[in-house]
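Okay, so subunit A shows up in both of these, paired with subunit B first and subunit C after.
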Partner chain A sequence: MSFDAPTMDYAGLSPIIALTTGLVVLVLAAVFDRIKRFGPALALLAYAVTAGCLIWQWDADVDLVSGALRLDGLAVVLSLLAVVSAAVAVLLAIGDPSETQAGRSDWLALLTGSLLGMVILTQATSMLTFFVGLELLSIPLYALCGTNLRRRESLESGLKYLIVGSVGSATLLYGLAMIYGASGATGFQEIADGLQAGDGMLTDSLTLVGVGMVAVGLAFKISIAPFHQWTPDVYQGAPTPVTAFMAVATKAAGFAIFIRFFLVALGPLVDQWDVMLAALAALSIVVGNVGALAQTSLKRMLGYSGVAQAGYMLAGIVTATQAGVDALVFYLAAYVAMNVAAFAVVVIRERQSGFSDDISTLRGLGREKPLLAWPLTIAMLALAGLPPTAGFIGKLYLIQALVDDDWTWLAVMIAIGTMISLGYYLRVVAALWMSPAEGDEAVPADGTPSDAAAAAAGIDTASLPPQIAGAQADPFADPQADRRWYLLAPAIIAMAAALFFGIIPQPLVDFAQHAGDALSVWIS
Partner chain B sequence: MLSSIIWTPLLFGLIGLLVPKRFAAWVAVFGAVITLGLSIGVLAGFDPDGGMQFVTDVNWIPGLGVDYSLGIDGVSIFLVLLTTVAWIPAICFSAIRGTERPALYYLMLLAGETSTLGAFLAQDLLLFVLFFDLMIVPFYFLFGIWGRDRGGEGDPEGSPGNGLVTVQSATLKMIVFTLIGSLLMLVGAIAAAVISADGGTITFSIQTIVARGLPGGSQNWIFWFFAAAFLVKMPAFPLHGWMPDAYRAAPLPALAVFSAVLSKVGAYGFLRVVLPMMPDASDLFQTTILVLAVGSIIYGSAMAFTKTDLRLVLGFSSVAQLGFITAGIFAFNSSGAEGAVLQMVNHGLVVVPAFLIVAMIAERTGSEELGPMGGLAKKAPVFAAIFLIVTMATLAIPASANFIGEFYILNGLFQVDAAWAIIASSGVALAAFYALRMYQLTMHNPLPDGADSRELSLRDALVLIPMVAIVVVLAFCPQLIVHSSEQAVDSSVAVVREVAK
Partner chain C sequence: MTATWAWLVLLFPLLGSLTIGLTFKALPDRTAGLIGVAAIVAAFVCGVLALIGLQGEPSESRHVASSLWEYANVGGLKIDLGIYVDPLSIFMVLVVTGVSSLIHIYSYSYMKSDQGYHRFFSYLNFFVFSMLVLVLAGNFVMLIVGWALVGFASYALISYWYRRNTATKAGMKAFVINVIGDIGLYIAAILIFKNLGSVDYGTVFEKAPEVFSTNQWEIVAICLCLLVGAFAKSAQMPFHTWLADAMEGPTPVSSLIHAATMVTAGVYLIARCHTLFELAPTAADVAAFVGLATLLIAGTIALAVTDLKRIIAYSTMSQIGYMFVGVGIGAYSAGMFHLMTHAFFKALLFMAAGSIISAMANMQDIDKMKGFRKAMPFTAATLIIGALALSGFPGMSGWFSKDEIIDFAHFRRGMYDWMWVGMLIGALMTAIYSFRIIFRILPGPACEEAQYLIDKGHVIHGEPKNPATNEVEDTEVGYPGEEHHIAEQAGGMKFAMAILAFLSIVAGVLQIPGVDEVVTKFLEPTFENSVFAHMHPSTGEAWLGLTEGGLISIAGIAIAWLLYIKRPDLPGKFRQRFSAIHTLCVNKWYGDELVDFLVTNPVKAVGRFCNRVFERFAIDGATAGVAGLTRSAGAAVRDIQSGMLRGYALLMLFGILAIAVYFLIRSL
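Here is the complex of A and B:
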């Protein structure tokens, strides 16, 4: 009996190898106190090398590890988005209570592990790698949510995410089992062939229940309504750098596998699932936007807004066309920029205001700290889909793909959802620019901006629950947070990107089309 | 050439961010004057019979079929001139008075000019939608940051009789109302391009879509998606719900250009996009739109007659005027459409000085409420004379350009059905009531305590007199506009006339 080891395409595997090496180094570094301090630098180096490998493999179109993984345009583009958001999370976490309390290097190792899961997920072309990637993505995230050890909400959110996430994974796994039963294969291409070859398998209820369960499981992960209930709580409770990472990177990886599994493996079933996904998308748009209207916490609001935005993006899959995938990837890239800008400002404001993320902490920021107000303003305008931002072009792209494939009603849903969303996005803009700062009178006449911030922080803490009321003495409070380059740079670069790709969108269109082209064999 | 007209204002707005604060205003004035110069340059080289001119066409987002495509014809040229003219007094007025955070203020004001000019010059449907949406953003900030809550306790100036209006709710209402329209328009625009392409390459060029044509069934719903955007923007009755609050909260110089120019973009959109692109639907819904237009005339005039807040008097009179313009366009004959274009320019030219005069009246009496004021003409004959000219133009007294515009429109309506013309002409009579009432209650009667009848300052006179002079000149030779625009305007309505036959 002979055994042939699969041939190793090291070039194709290089992003995964680079990231795994980084992960190992970070885990080892946790042991050595001297190296530990350089954790963020090590993590950023690992991500830079990974990104370099991805760009090096830009034109790759290869099956890896006996067809369990596939490195193609879709994988490269969405992995890059995930790597960028992880790098931002590393920067935002510097000096964050969660990162420090969880022992720097360990925190970064968890983050890198989750990122590795994402990179695998974007490349997965077999049910096994699909599930392994998804769990590798999820499990470190459960832990990361609970890393702000002194905050009850953080621990609560970690547990909540663990329970809900496990339910999602279990549902998904059941669904995968049923599809395996129907098709007798684990590889995506083989599933499609098996479903078509099997007698009556395309309309078999076993198959359809399996498809439904996979959709539900993935909907949990990328927070599509009605499977989004965990999102606002977890977003609010988790440390903000983790929330930022969750909000953008998880969506990138989740949509990558959603695209690949539904368009490749379940491609023959498109007429069965497109209406179902369209209904989920429409529901998400309504639930997310209406839910966000009532929120006063920025992070909760961004959580609900994420539900709505996931609905917009899901509409791209519904079309099952290359234009739809292009539009989705374009929107996702824009979404990364807008959310990074927003979350970076939230992180800064939290540290200045005793870790409150209430919208009232933003009042008067336009006058006092335009450098903070502008990124958030542009982020909100972009999320609301106003020109001249990438958000507008993204919506245009999605609507064009939908109308082109006769999904005009879903395009109208996006327009209606956008109208509702103005109600809460513009509330943030109004707080920034159109209302006086809280406790303006308390600021001494000769007060420097940082004094004003400290005064605002003092007022805020009074209204907080007792367990956080000691925030004035909080070692992590940082009145100077708006002068830290590692916090400000992500905000400003993301804002510039959201504006730049709104005015000159073509480079990002090319980027998105590179992802869509990878699927040209399977979809029109 | 057209690109430079569009982007010059924004460029100077950005320069204003870099110079010391006290120079920001004058940089803005300079930028607006240069823009006016450029647009006059275009007028000089303009050929009334030349169709679309000064065309620029560059691939912008080739992946989506969107082009950066500009052009100017007889419909847009005078609206571009109106825009470049109207912004100058608004900026000068603000520069004389001074504002908080000047650099940001002028950046927003000039960004507003850039986007408005873009909407008038865009020949690509998507570029038009983009500029149309973009217009509202700077005005949202202008109204929100420099406007103020009105009508509350201790705000005698803000017409407490009309209830409390907070800036936040007023601006939110405005932007939600207008964007509801424009988002549907975005869907409609994309649908128009996709459907007209019919499987071929998608392009958003307005001319190509018009040439390819849209099937009748799709025209009907796309028509309403566009009409919703344009009617809200004007605003037309009954979609004017955002207007009273926004007008009361807004800072007056910004409101002057907003009311003078932005409302015209809606009417312009009908001429440029809706009529040529959806002739069957336009013909089908002619009666519906005419009912809305005539409804706007009656409702706007009646409200203008009953309101005591000067801003609302002018605001509702705009509703009535835009009703006239819409009715003229939907008469589908050259008389009505030419009258509409003439009236767009007239109304814009009159409204800017009118709102600035309201600001000056408020400075003299401490109120914008008609009740407790009067007698301002006593020591200020020049001020009163200027206001009188503006009033007379508003009520379209014979020999004013407004009279000619309204005459053309009524003539056009008469050719459709005498009933429309008769109902609409009641608006002309009502305009005389509200305009004269406004003039009398402010300028005549005894001067109340605390009010100060003061002559125009020299600088204010320099702002107002050129605007009023243009109004007067236009009264003598409205043919300047009618002649240059008739060919382009006719071709717009001719498409529908062909279908209607």
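Here is the complex of A and C:
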């Protein structure tokens, strides 16, 4: 038996090659103190080259490495989103305690490793690359969560993520094994063919339980309820640049593989899984939105809101139509912009004032620091889906795709979820613009505006635990953080994007449709 | 050209809001106020030019759809960033920008000593912009955009004095109730798109009669969802509780948003969608009956409460009830006409009330007010004009507009005759409560504050108190403080009130039965396809109705005179004799309690439950985990596991199990 090495399409592989090279350089740089401080620049360079390769391959539609990977519109678009998110994380991490303590270059190497996993995941068309990509994405992230060595919450969140993530991976692997058993193939297209060829395989319990397991495993990664419990804890505990990366990039990669696996490999089974996914989406919308109402920590709130947003996006897969995928990708891109704007402001605030991300610390920010308040305001309004922001168009797109495919009840769920979400997003906006600065003695203790807001939202503020106290004398505190361009630029650019694509959405629609077109062979 | 002017109508308030908002540190207060006023006046002028352009067209082509760009083309859904200019939208544009201009001029003086002058004008301009988006929208998505934005602006302006607890709470309440309405509108838009394949006004109204048969359940569902939005925005039962609390906002806000413009959006919505409502007569009847119930209940509450602004607020609900009956029974142009005259006299009443309240050092209780006729002759005169117009005194604008609606109900006979009777009773109550205000606060010996004004020539420097709770308020941030203006002394306020008073008197000449029908003729192109377009009472019937209305109004004023001037002991006796009814009315028919019981408490309970389940579970677990880590890594693992990971694992397991079971069942 002879073994022929697969032919290599180096142009198609160029994004992965560029990123791997960057990873190697960063690992090597960790050894040399002199180069070490150029780590962020090196990382950004590597990402820029990767992005360049992706754009170069914009129109690619090729199978790579004997069908293990596939570079097409979907992969290019979602890889680009992941690369942009990673670049933002690099900028936000400059001077962050986690990055400094972990050794700058090592931290960046971990980030790049995770990103590499994501890029592979967006291109995976075989169960092997699927799993390898997912683990490559996850394992560096576990470590990154714990990189703020002096903060217990950070270490704890890393540990927690590791344990929960392992359960997710195990479940997923189990499910993949079952599907392999049912179809006898590992390639996505072959799985679909195998399932259709096999006698009664489409409704066989082995296949279907396998589908359920895979869905659960992926739901863990993109925090779909009821597999979301780790999300708020880990979001809150992890260093904020890592949280930002996790919140956006992981969702981009996770949804990429979700789309590809369910619509290509499990496409023949669509009638079996669509109701399950719809139920999960609806549950996420409810759990995420209701859970967020009670939060006082901005990061936890964004965690719950992320659960709800994942529910909205999952609805795009439920339809199993090209319009649904387009809507999902559009929403994902908008989601990246909205969350980057929010997290960048959180990073700046944390850097300035120790480790508190309590919503009440935002009071009066609008008047003192409009440059920080505006990105957060726009991010909240966009997440809430208010016009004229990209979030509004995104929801509209999703609702349209759902109604068109007779999923009206799920569209109504999205509308209702959106309305509930106003309750907590507007609380942040109200704290920013309508409350006097913190520490103002004239405010009666029992009736500050945010209390009133909380009371109206049905929350008994007195029963909430005090915020976890931050370090008082923090060596990493940087009072000038709101003047650092590398922190402000992501916030302001993301804000501008969230607004721009809300007013002139067509470019982003085209971007999203490029991803959807890649699947035109498999879905209508 | 018409479309260009209409776009400019939108542009000016937006520019004004942004300019004021972005330059709040750079520009002096006065300039900000002037920019605000100028932006709205410019919008009004453009509105007039758009009107002239539109009237130049032949009547059958008197509608222009214009699109700036394709807002979104997603799948089958094409949404233009488009406006729809027709007589109805221009009518609304003129009412909104006209009244807004006057209220901006009024605010320029009224808010003079407020610390948040810039913020106020920026919000106010933003509100006008949002309202104009709402009325000019060319499709249902743009309508929702405007609908959501006015809700947001209203929330911001009610909570404008954010140091007042009651104000922030009222803002939240208004917002929550409005959001329920928004859901209705969302769902209506989704259903419209699903059934008709478009959200464009033109296409929807054209296709609806072909697709739906009369009272088909889909169209009834659509109309009922639209009504949920309309009721919530216009404070009709059972969504009415927010409007009285919204009086926490500054008086110009009550005048502009919660009397003249925003709260009438529901009426506009029904008139705009009359094609749909005529296909679903059941839904139209629902609108009319809810309007009738609201106008009666709000009328009784207005008779009982003693807070000056709240009396006027309940009167607003009641008058909007009339408009709902009007557009519900097919008297579209009468409903719109009443919307316009009401905007004039209600804005005027609020302005006069604001002036008196400033003189009372922010006290709003009419029991404490007396003798303002001498202290503030100008305000007293405008108050009387407003009350006469509101009670439909013969010759005043309210007489023509209200009685046109009442007549139409009688004209349609059948069950609508019951509405006719109900509305006549409502008219009697209107006259009584309007003149209750007048007779209680104008004549008689001057109260302390009024006397001070007569003696010293300026407003008494009382300690500012929250009218709702009587708590002393701080004057540092966002509260007007004692240097408040009254109409007697500020030119801007006087000017605005004089014009509104003039309009309240004469606006009726637009619609004199048998003489001219300016409003009906003007709106005709919009309502041309309506089955009610050419149905109206004869001139004789109309005059008969007007006579009835006039007599009822005079009777009401006479009763008020008897109760509050001639025999001031009578109201007390009534109160004792019918204490149960009085308690019911003073407590606003327990609307708040009902809403608390049905909505707020369950929502709070869910919130508390979630708080317990989500938060306790997680935070307690996290604290346990933190404690563990301080001991040792090994212990940490144990503690985390005992804290919440075990719980998480359990939930996950349940999730996996549920999905596995689901698929196992599917595979059987």
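As a working rule, the second predicted complex is superposed on the first by the 489 of 524 C-alpha atoms of A that agree within 3 Å, B and C clash if a C-alpha of one lies under 4 Å from a C-alpha of the other, contacts with A are read in each partner's own complex, and residues count from 1 in each chain.
Everything below uses one rule, namely that a residue touches a chain if its C-beta (ideal position, glycine included) is under 8 Å from a C-beta of that chain, and two chains touch if they have at least 3 such contacts.
All values derive from a computational prediction rather than experimental measurement.
*Asks:* In the overlaid three-chain picture, which partner chain does A:Leu293 touch, first (subunit B) or second (subunit C), both, or neither?
*Replies:* second
*Asks:* Check the residue A:Gly165 against both partner chains and state whether it touches subunit B (first), subunit C (second), both, or neither.
*Replies:* neither
*Asks:* May I ask you to name which of subunit B and subunit C touches more residues of subunit A?
*Replies:* Of subunit B and subunit C, more residues of subunit A lie in contact with C.
*Asks:* So, A:Pro505: does it touch subunit B (first), subunit C (second), both, or neither?
*Replies:* After superposition on chain A, A:Pro505 lies in contact with both partners, subunit B and subunit C.
*Asks:* Applying the document's definition of touch, where does A:Val216 land relative to subunit B and subunit C: first, second, both, or neither?
*Replies:* The answer is second: A:Val216 touches subunit C but not subunit B.
*Asks:* If we overlay the two complexes on their shared chain A, which of subunit B and subunit C does A:Asp404 touch? Say first, second, both or neither.
*Replies:* In the superposed model, A:Asp404 contacts both subunit B and subunit C.
*Asks:* Of the partners subunit B and subunit C, which touch A:Gly146 in the superposed model: first, second, both, neither?
*Replies:* After superposition on chain A, A:Gly146 lies in contact with neither partner.
*Asks:* With the two complexes superposed on chain A, say which partner A:Gly311 touches: subunit B (first), subunit C (second), both, or neither.
*Replies:* neither
*Asks:* Overlap of the subunit B and subunit C footprints on subunit A, residue-wise?
*Replies:* After superposing on chain A, subunit A residues 326, 386-388, 392-393, 396-397, 399-400, 403-404, 408, 411-412, 415-416, 418-419, 422-423, 426, 430, 434-435, 505-506, 509 contact both subunit B and subunit C.
*Asks:* List the residues on subunit C that touch subunit A in their complex, please.
*Replies:* For this pair, the touching residues of subunit C are 69-77, 79, 141, 144-145, 148-149, 152, 155-156, 159, 162-163, 165, 168-169, 172-173, 175-176, 179-180, 182-183, 186-187, 190-191, 193-194, 474, 476-477, 600, 603-608, 610-611, 614-615, 618-619, 622-623, 625-626, 629-630, 636-637, 640, 644-645, 647-649, 651-652, 654-656, 659-660, 662-664, 666-668.
*Asks:* Which residues of subunit A touch subunit B once you look at their complex with the stated criterion?
*Replies:* Within the complex, subunit A touches subunit B at residues 326, 366-367, 381, 385-388, 392-393, 395-397, 399-400, 403-404, 408, 411-412, 415-416, 418-419, 422-423, 426-427, 429-430, 433-435, 505-506, 509-510, 513.
*Asks:* Hey, which residues of subunit A end up touching subunit C in the complex?
*Replies:* My answer: residues 152-153, 155-156, 159-160, 163-164, 167, 171, 203-205, 207-209, 211-213, 215-216, 220, 226-227, 229-230, 232-233, 237, 272, 276, 290-291, 293-295, 323, 326-327, 330, 386-388, 392-393, 396-397, 399-401, 403-404, 408, 411-412, 415-416, 418-419, 422-423, 426, 430, 434-436, 442-444, 447, 449, 452-453, 455-460, 463-465, 468, 504-506, 509.
*Asks:* Note which residues of subunit B are touching subunit A in the complex, please.
*Replies:* Against subunit A, subunit B makes touches at 60-64, 101, 126, 130-131, 133-134, 137, 140-141, 144-145, 167-168, 171-172, 175-176, 179-180, 183-184, 186-187, 190-191, 193-194, 202.
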